[in-house]
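Given below, in the form of structure tokens, are the structures.
In the two assemblies presented below, subunit A is common to both, partnered first by subunit B and then by subunit C.
Here is the complex of A and B:
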């Protein structure tokens, strides 16, 4: 079955898998085709690509109308701000925490590490009600700062877990050598440790960035009623406005889906490696 | 070597303790109150839980959640292993095919849900395809029929996340290497025997990971339901998450919503631990 020679049976298997993959990608095909059709096309020939007359206007409509944010365009900007802010905070907080937990081997450090692992597995839903109340009292509902704080707190255990595991596997020799040369704790951290953390930082940024970018539950709870919306929240509002105009619904969904898909296709190796390694734990 | 001081970890520890321990404990306390989000909360014992278990909607939501999560775990594991075995070696297009099967994992579940709502809608893609191949009789209102609506949610969940399982299994297969399988092949063992008695036991650690991930994901299902059915028709596709959201943040019943969230949390914690222990033991035996 998994012999390395390429036989006639391998060819047959290859063809079957290609057909399967084509069917699997079908929904993405429908997304692109329908998002460029007119309303009539959608009803009469939803499967045919509108090569003669692509309706780019669908995208303009989705970009500029509907919902509290006033279109997928403003929501796109909001999503970029929230995602960048959250990922930056997460990296700073978690890299420092992971560094401490990995380099200290005391009982306290091990106990803390276990608490972080537990934090990864315990679902966050139960905490949302008290957090909602606290954020309401602090005036953080419907704000960028509130969302960034919330996402950072939400994903800290996962990011700390990844950083600690990575740093534990790093040899201490570089840090020791730097300290022999008279570097202080801070100098060692900035000039020696941080550069070594680049690969895991890329993984953390990718995995948490995707989660924040696509997050819907937190957005609907903590941003509802404000003028800030991330893409999923805005898409939901837009679809409610144009429930039966499938070409517009698809254009909205495409603005949500395609940018992420393009980044993924450009960096597919890193993405798939990050998922395989990061989730393995 | 001088060790980094603990105060560097204080922000991380503060986030962890506040959000993942203090807040859930507070939430658990609300579950035993009649709090409405404003004013004082009164302790009412188990009243919320009594109401939950005597409510038709909540019982449906609980059952739906368990059913979805259970089917999801099985299908994602089976599909993921099958895809990983098919695309592990040999095939020339394997790298491209992996990209296709993995792509849905990275995009918004809500947007994916809307995409599939078109496919399942009355005059949507699925019914048109059925009509084109002469199976009009099978066409139905997938989303409007209580017997089908829940299964559309399952289909969309599996479509989106089976690629994630595939990637984890592929990484595990790389680690195994092929000496054992080739030795067995030389001895004339049939292909299916090699899979069941060599490959699968060696994949046990990966099965643990995929199962844990998908139990958590399955029990928290929300986006797909909102996009496809909104919980309807007549509450037929409500889940614990949709009910936590609606009861708490739409109807303002913070205590009642917290009680549903507490049930969900206990379910996830219990199943995740049972799963880990179960597979650890099997891994130990296999190893």
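Here is the complex of A and C:
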């Protein structure tokens, strides 16, 4: 064992980490500082922390005013509905699809799996016009159901890809044991397989939830002209052609980020397990 | 409890991989049958076919007289213990053991009573509230056993359940499994690659190779009268020494020429060996049948060889000898290696731990000619 544990290399590594932390932490600092400044201060001294007079009102103003939805508050509710709905549908559809694709070894299931992989690689914007026409004909433009359906369809290939990979690495013995223990197909699925998928379900929920939560492009196309708005769309309401309320934009952005942070911190253990793909019995 | 019959059972996997060929076995009610053989011999396939986890397309499987080829695994009333235990990681020990009972929709009181009885039997009372990952290997193994016995199945199927345990624990669990099986009297089919496990546990053992049943019988029968070279090389620790020689007549008696050495053939074997006179023959002798000269009268047979290896095991010594004898290879080598006996090209002897032998010396070993086995070199089958 070497006697000197703290070397020049350690110092170099630490410096790199500090620079990286600053690069990631800097924008957060600005976000918090600017969200608490007054309209004037944010233009003149955007980096100075408003220690004397933090404008907590900015959050209340952002929460209740502006845009089609009438503030970040209603948009927050819309976004929660759309995100929860989409993630729930995605989990049900993708877990079942992934299970079948992973466990069936026929050529058809291999071909279907490839189709899903293809779905991940092809940009969804390519199909935007026909999707818009179909959605309009079905009367789904500017509705919760429409957005949930759309997000589910767009993200299913990605979620199926994640589930299939995880289930393929999962020993079949658990299912075989359940079969031997007298469980039917449904019982095996509900009592054994789905609980074992918890780590990957957390990963799928986190990743797809984040995508749906931050979705701007689809929202601007499919929610335009309606009373429903998600958070990114609503955030844009504070940006005007001639003048932007940066303090409100930042307060709104903080409102967008906070729930994501809370969920991530709550689920991070499961989330990491899902990525590692491991399962110990 | 039920008897299990395999009638002409075969299995071919996609890609023309034949795992099992024409397997015919009757397993009596309450019997403990052990399938033993090297990896890839078809023993696990046979077990999975009986369980219903693989589809049986050739032959017939009967449980309690009923053909079950098309019966789902859950309706066969068999319990299985898997190699890696397959305990449900998200459930506590209690729920793992209760799982089959809940599947059978038993009443809550009855489930609780049975789980606690099984737990007491397996000394798991203190860990019922733990998750499988918080248990030791031996405890996990016992939970798997508990899950199997709690349902009172017609038969237990066990797929190398002790292979993940360390040597000491394995020995203890071996005894526990046998005791449990005797107590419950449930028909048990046990798969292992470890011939010691097979010999010590089974009421009968079925030795498999390349998907074909080589021999089935009581352990002492299979040990004493191996049906072919493969069984001879596989069963025993180490397996039988197999040497290639020529059968010659000297006066009235038959002898076997092994390289430069000659060994006598017992007179009672002569009629069966007649057709091989002046031809090649494979001679087998168990390592434990070779002894050091002890001052008494020689028992009739002697082999000499240079000591090329000595393994001290405490109570005994394992000797490796270069006897300049052509060693019968093919099946025997394969079996010996699968059995972990290592260099099959050499003669091996098991001597008491204190016997004074040193590397490089020439050892003289005596044996009773009645202990010799003879095999047809063309077919590998026993000729006596």
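The working rule: the second predicted complex is superposed on the first by the 236 of 281 C-alpha atoms of A that agree within 3 Å, B and C clash if a C-alpha of one lies under 4 Å from a C-alpha of the other, contacts with A are read in each partner's own complex, and residues count from 1 in each chain.
By definition in this document, a residue touches a chain if its C-beta (ideal position, glycine included) is under 8 Å from a C-beta of that chain, and two chains touch if they have at least 3 such contacts.
Keep in mind it's a predicted model, so treat the numbers as computed, not measured.
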Message: Is A:187 touching anything from subunit B or subunit C once the two structures are fitted on A? First, second, both or neither.
response: second
Message: According to the stated criteria, A:87 is in contact with first (subunit B), second (subunit C), both, or neither; which is it?
response: neither
Task: Name the contact category of A:196: first (subunit B only), second (subunit C only), both, or neither.
output: second
Partner chain in contact with A:62 - subunit B first, subunit C second, else both or neither: neither
Query: Of the partners subunit B and subunit C, which touch A:176 in the superposed model: first, second, both, neither?
result: both
- request: Please identify the positions on subunit A that touch both subunit B and subunit C, taking each partner from its own complex.
  value: 176, 179, 279-281
Query: Along subunit C, where are the residues that touch subunit A in the complex?
result: 51-53, 72-74, 78-80, 82, 84-90, 99-100, 103-104, 132-133, 147, 151, 157
Message: Going by the contact rule set out above, which residues of subunit A touch subunit B in the complex?
response: 1-6, 10, 13-14, 17-18, 21, 24-28, 30-31, 34, 43, 46-47, 93-94, 96-101, 103-104, 108, 112, 115-116, 118-119, 121-133, 152-154, 156-157, 160, 172, 175-176, 179, 185, 189, 210, 213-214, 216-217, 220-221, 224, 231-232, 235-236, 239, 246, 249-250, 252-253, 256-257, 260-261, 264-265, 268, 271-272, 275-277, 279-281
- prompt: Where on subunit A does subunit C make contact in their complex?
  reply: 171, 173-174, 176-184, 187, 191-192, 195-196, 198, 279-281
- prompt: For subunit B, which residues are in contact with subunit A within the complex?
  reply: 1-6, 8-9, 11-13, 15-24, 26-28, 30, 37, 85-93, 96-103, 105-112, 114-116, 118-119, 123, 125, 128, 159, 164, 167-168, 170-171, 178, 181-182, 185, 191, 194-195, 206, 209, 212-213, 216, 219-220, 222-223, 226-227, 241, 244-245, 248-249, 254, 257-258, 261-262, 264-265, 268-269, 272
